[in-house]
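Take a look at these structures.
The same subunit A turns up in both complexes below, where it pairs with subunit B and then with subunit C.
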Partner chain A sequence: MRITQGTFSFLPDLTDAQIRAQVDYALRQGWAPSVEFTDDPHPRNTYWEMWGLPMFEVQDAAAVLYEINACRKAYPDRYIRVNAFDATRGFESVRLSFLVNRPPREPRFELIRTEGPGRSVRYSLRTVRENEGAPE
Partner chain B sequence: MNTASNPPAVAPSTPSVDLQAMLAETHVSDVIEQLDNDLIGLAPVKQRVREIAAFLLVAKARAQVGIESEQPSMHMCFTGNPGTGKTTVAVRMADILQRLGWVRRNTVVTVTRDDLVGQYIGHTAPKTREVLKRAMGGVLFIDEAYYLYRPENERDYGQESIEILLQAMEANRNDLVVILAGYKDRMETFFRANAGIHSRIAHHIEFSDFSAEELLQIAELMAERMHYRFDAESLETMRNYIERRIHQPNFANARSIRNALDRARLRQANRLFARAMKGARASVEELTLIASEDLLSSRVFQMKEADSGSG
Partner chain C sequence: MSTATAETGKRQARGRYDAGVLKYREMGYWQPDYVPRDTDVIALFRITPQEGVEPEEAAAAVAGESSTATWTVVWTDRLTACDAYRAKAYRVDPVPNTGPGTRTEQQYFAYIAYELDLFEEGSIANLTASIIGNVFGFKPLKALRLEDMRIPVAYVKTFQGPATGIVVERERLDKFGRPLLGATTKPKLGLSGRNYGRVVYEALKGGLDFVKDDENINSQPFMHWRDRFLFVMEAVNRASAATGEVKGHYLNVTAATMEDMYERAEFAKELGSVIVMIDLVIGYTAIQSMAKWARRNDMILHLHRAGHSTYTRQKNHGIAFRVISKWMRLAGVDHIHAGTVVGKLEGDPAVIAGIYDTLREPFTPANLGHGLFFDQDWAGMRKVMPVASGGIHAGQMHQLISYLGEDVVLQFGGGTIGHPHGIEAGAQANRVALEAIIQARNEGVDIWNEGPEVLEKAARWCTPLRAALETWRDVTFDYTSTDTVDFVPTATPAS
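Coming up: the complex of A and B.
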C-alpha cells in the first residue's frame, strides 16, 4: 500500500532536483532541516530514527542532499523523510516534512477490532509487513 | 573605425556568444576593479585572479553554445608569509566565483586544524563532514593547512581528515571550492607527503611580501578607512617605522602595519585626553590626525637604538 504521509505525499515521488528546491526553500526561511528514517510508517509512529543531528548551520541544500543520499545508501529499504524545524517563537515545531525514500515493497495496515466493556468496540491499526503473511 | 579589427563575418548557422554582454551581466569586472583598487601590490595574484575569471567566463560561454567540456576543478592553494592578504583575496575570490555562477553563495567558511581534526578515534570523520556541509555551496578556506599533517605522529587523526577532504574535493566539486592557505615552505612539505591533494588543486597562487613603499601605501589606505590621516611629518615617521620594522622578527606584513596603527590610535587618544585635562578643546583636524609623536614612542624606535648599542 502506498503510504501517504507528510507534504506532497499524494504527488508522484519527488525527484532529487525537486527535493533540493524544497530544502532550499526551507533554508531560506531559516528552518533547520533534518533527516529521519523508519521501518514502521504507522501514522501514530512519530518517533522516527534520526540520521545524524539536525543541520542547524547548513546554508546550502547540497549538504542536506549529501546526507539524504548517505542515508539512502545505508537504508535503501526504509522510509526516509526530511523535516524542517522552525525555531521562531510561537512556532517552535516542524513546518515542513516530506518523504524522500520508500522501500521497494511497502507494508499494509490491518484493522484490529477489540471488544471493550459494554459491547463497545475499539479500533486500531497494525502495520503488516509482506513476510508476515497475514491471511488474505 | 573598428571595422578593420572586426573578425570576419561568421556564417549565420554558427552560433556565437556576446562575451562582453555576459561580462556586464555578471558584474564580475566590478569585483576585479575593486580588487585592483583596494589591494595594494600583489600584481601576480591579481593577474591570476583575472585569468581565472576570464577562464570561468569562457567556460560559461562554451556551455551556452553547447560545447561539452569537463567541469574544471577550482580548488586553490594560497601560499605566502603572514599578512600578505591570503584571507582577503579568498573572500574576493568567493565573490568572483559566485558572480560567475561557479558557487551558489559568496560565503567563506574559515577553518583551521582544530575545526577539522577530532580528539579521539571516530571523532574526526563526523567533525570534518560537519565542516564540509557547512561550507557547501560556497568556499571552504583552510588556514594553516599544513598543520593537518603531522609527520612526527603516525597515528595523528589529521590524515583521516585529509582523506575525507580529498573525497569531497573530488565528488562534490560542483558544490564546494576548497582553498588551502599556509606558509610556502611548510605547504611544500605538506604536499610532498600528500601527493593526492597536490594534484587535485589546479591553482597554486603565491603571495609575495610587500615592499616598504607598498606597506606605506597600505598604512595610508588603512588610516583613511578608519578616518584618520597623516601629515607630512608623521608620514615620514611612518616610512621610517616601516623600514625598521621589516627587519625585526615576527614581521607580519600588512598585519604588523595594522597593529602599529592601532597602537598609534591609542597613543593619539591618550595624548588628546592629557591635553583635554588641561582644559584644551580638540578640533576635527586634531581628532583625525596621527601625529609623528604617536608613532615615535613605539617600541620599534627604542629597540633599534638598543640593538645598535649592543651590536
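Coming up: the complex of A and C.
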C-alpha cells in the first residue's frame, strides 16, 4: 500500500528539482532542514533515525539534496523524509515534512481489534512488512 | 491632602451621594482624562443612543451598568473603594459613515476601562456577566454592540487556554505544512450509526484528516450516541490502517448535562478518539469544564459555534465574533469555526483576517482595518486552529489558502460527499487540490492569480479533481457582508 504521510504524498513522487524547490522555500523561511529515515512508518512512530543533525547553517538547497542522495544510497529500501524545523517562538516545531524516498514494496498495517465489554473495541495497528504473515 | 481640599472633597461627596437620581457622567463613570492601566480590562462598545441622550452620558451609562452602578444613588457605595470599582468611559468617537447624511443613524465608539479586581480569575462566566450582563437591554440606548476587548496579560494568565493548541495538535497528528482537511457528515440527521460510519470511512480513506459530527447530532432516536461512537471509531481505525496516517472524527459530546457530556467524552477516549467536539450553545462554563477535561485526557477539543449568528451578525447590536474568539481562546478550545470568506456563510475578508489573527497569533497589534481596536498580548497562550466550513469546494483552494493561510482546517462537507463519483473521490479531489496549491505556493507561484491553472494541471492526472472542478467551477456565494469593518486603510500623502 502507498502510505500517505507527509505534506505531498497525494501528488506524484517529487522529482529532485521539486524537492529542491521545497527546500529552498524552507530555507527562505529561515527553517532548518533535516533528513530522517525509517523502516517502520507506523503513524505513532515519531522518532525516525536522524541522518545527521538538522542543517542549521546550510544556505543552499544543493547541500540538502546532497545529504538526501547520500541517505538514499545508504538506505534505498527505507522511507526517507525531509523535515523543516522553525525555531521561532510560538512555533518551535516542524513546519514542513515530506517524503523523498519510499521502499520498493511498502509495508501495510494490520488492524488488530480486541473486543471489550459491551460492543466496545480496542484498536491497534501493526506494521506488516513484505514476506511477513501472521503476528510473531 | 490639605485641609481645604479635604473640606471641598467632603462637600462634593455630600452632594454626590445625596439620595436621588444623577446623570451617570456625574457619578464618575465618564472620565475623559483617565489613562487606562496595563492591568485594566478594556471594552469597546458601539453605542446608538436614544434621541436626546448625549454620547458621553450614554457611554457613562454603559460603564455604570456594566460595573457598579444602579439607576439611583446609593449611600452604601461609600463603604467601598468605589472610585476604583467604577468602570470608566474615557473616550467617545463618532463611528465613521453614521449620522446625518448617511443611511445609518448616529453611532459612537465608547472606550471603557475596568479595574482588574472586578473579575474572578479564569472565569469567562464572570467576565461576561459584568461586560454583557445587564447593559444590552438598557432603555437609554437604542442598540449596543461589544466590538472588541483588550484582555490584560495579568488576566490572560489566569486562564488555561487551548487544551492542545495548533503546534501540539500538528505534532500529535504528524501533519505539517498544509491546512488540515475535514468534512461534516451529510445528511446531518437521519443516518443510522452503521450508515454514518460508512461516510466517515470513505472520506478518511479518500484523504481527509477529519470528519465531523454536525452541531445537532447528539443522541436522537435514529442514532444514539454510543452507536455512533462505536461505528465511527471502527471507520477511523480502518482508515488509519489503510493510509498509515493519524485520522480523527470530531465526536460531538454535547448533551443536556455535564454528567452526560463527561460520560460521552470518556467513552470517546476509551475508544481511542483523538478529538471530541462541543457546541457553543452549551455555555461558557461548560466549555471551560470540557477544556480542562480535554487537557487532562490528551484530547483535542473542537468547538462548533452553533447559535452565534443570533448575536454576532448585525452590526448595530450584539457581540462581534472577534470578541467571542478572544473568550474562546481563553476558555480553552482547540478548534473554532471562524469563517471562510468565500463560502456560503457571513464573512467579510477584513473581519475574518482580524478573527484569524486573534486566534492564531502570539500578539495582535491594533489594526482598525481588520476591526482590531487594541494591541492584544496573549502571553504564550496556545493558539486556536480556525475552521473554515460552509459552501466551499476544491475549485476555491487557491483563494482559501490565500485568505486563510495554512494553520486552518478546511471543511468541505457537500464538497466531499456531493462529489459525482462518490465520497472517497471527493476527499481525494480535495487533498490533491490542497497539496498541489501548497506545493505551487512554496515554489513561488502567485497562487491568487495562477491557482486555477495549477488546479487544472493537477486535474489532468487526477480524475476526481477534474470531476470536482467541472461540477462546482461556477459556484460562488457573492453577497454583501453584514458585519464589516468601519475603517478602510487610506494612503497617507507624503508631506
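Just so we're on the same page, the second predicted complex is superposed on the first by the 130 of 136 C-alpha atoms of A that agree within 3 Å, B and C clash if a C-alpha of one lies under 4 Å from a C-alpha of the other, contacts with A are read in each partner's own complex, and residues count from 1 in each chain.
Note that in this section a contact is a pair of C-beta atoms (placed from the backbone, for glycine too) under 8 Å apart; a residue touches a chain by one contact, two chains touch by 3 or more.
All values derive from a computational prediction rather than experimental measurement.
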Practice item. Would you mind checking whether subunit B and subunit C clash or fit side by side on subunit A after the superposition? Key: fit
**Study point:** subunit A: partner with more touched residues, subunit B or subunit C
**Key:** C
Revision key, fill the gap. In the superposed arrangement the C-alpha centres of subunit B and subunit C open, at the centre of subunit A, an angle in degrees to the nearest 10 of 100
Check your understanding: A:Val128 contacts which: subunit B (first), subunit C (second), both, neither?
Key -> neither
Practice item. Using the superposition on chain A described above, determine whether A:Asp60 touches subunit B (first), subunit C (second), both, or neither. Key: first
Review point. For the superposed model, what is the least distance in angstrom between any CA atom of subunit B and any CA atom of subunit C?
Key: 16
**Study point:** Interface residues, subunit A side, partner subunit C - complex
**Key:** 1, 3-5, 7-12, 18, 21-22, 25, 41-44, 46, 83-84, 89-98, 108-111, 118-123, 125
Check your understanding: subunit A touches which residues of subunit B in the complex?
Key -> 104-105, 107, 126, 130, 132-134, 136-138, 172, 174-176
Check your understanding: Hey, which residues of subunit C end up touching subunit A in the complex?
Key -> 167, 170-171, 174, 176-178, 207, 226, 230, 233-234, 237-238, 240-246, 267, 270-272, 362, 380, 383, 428, 431-432, 435-436, 438-439, 442-444, 458, 461
Study note, to complete from the structure: Contacts from subunit A onto subunit B in the complex sit at residues 52, 55, 57-63, 66-67
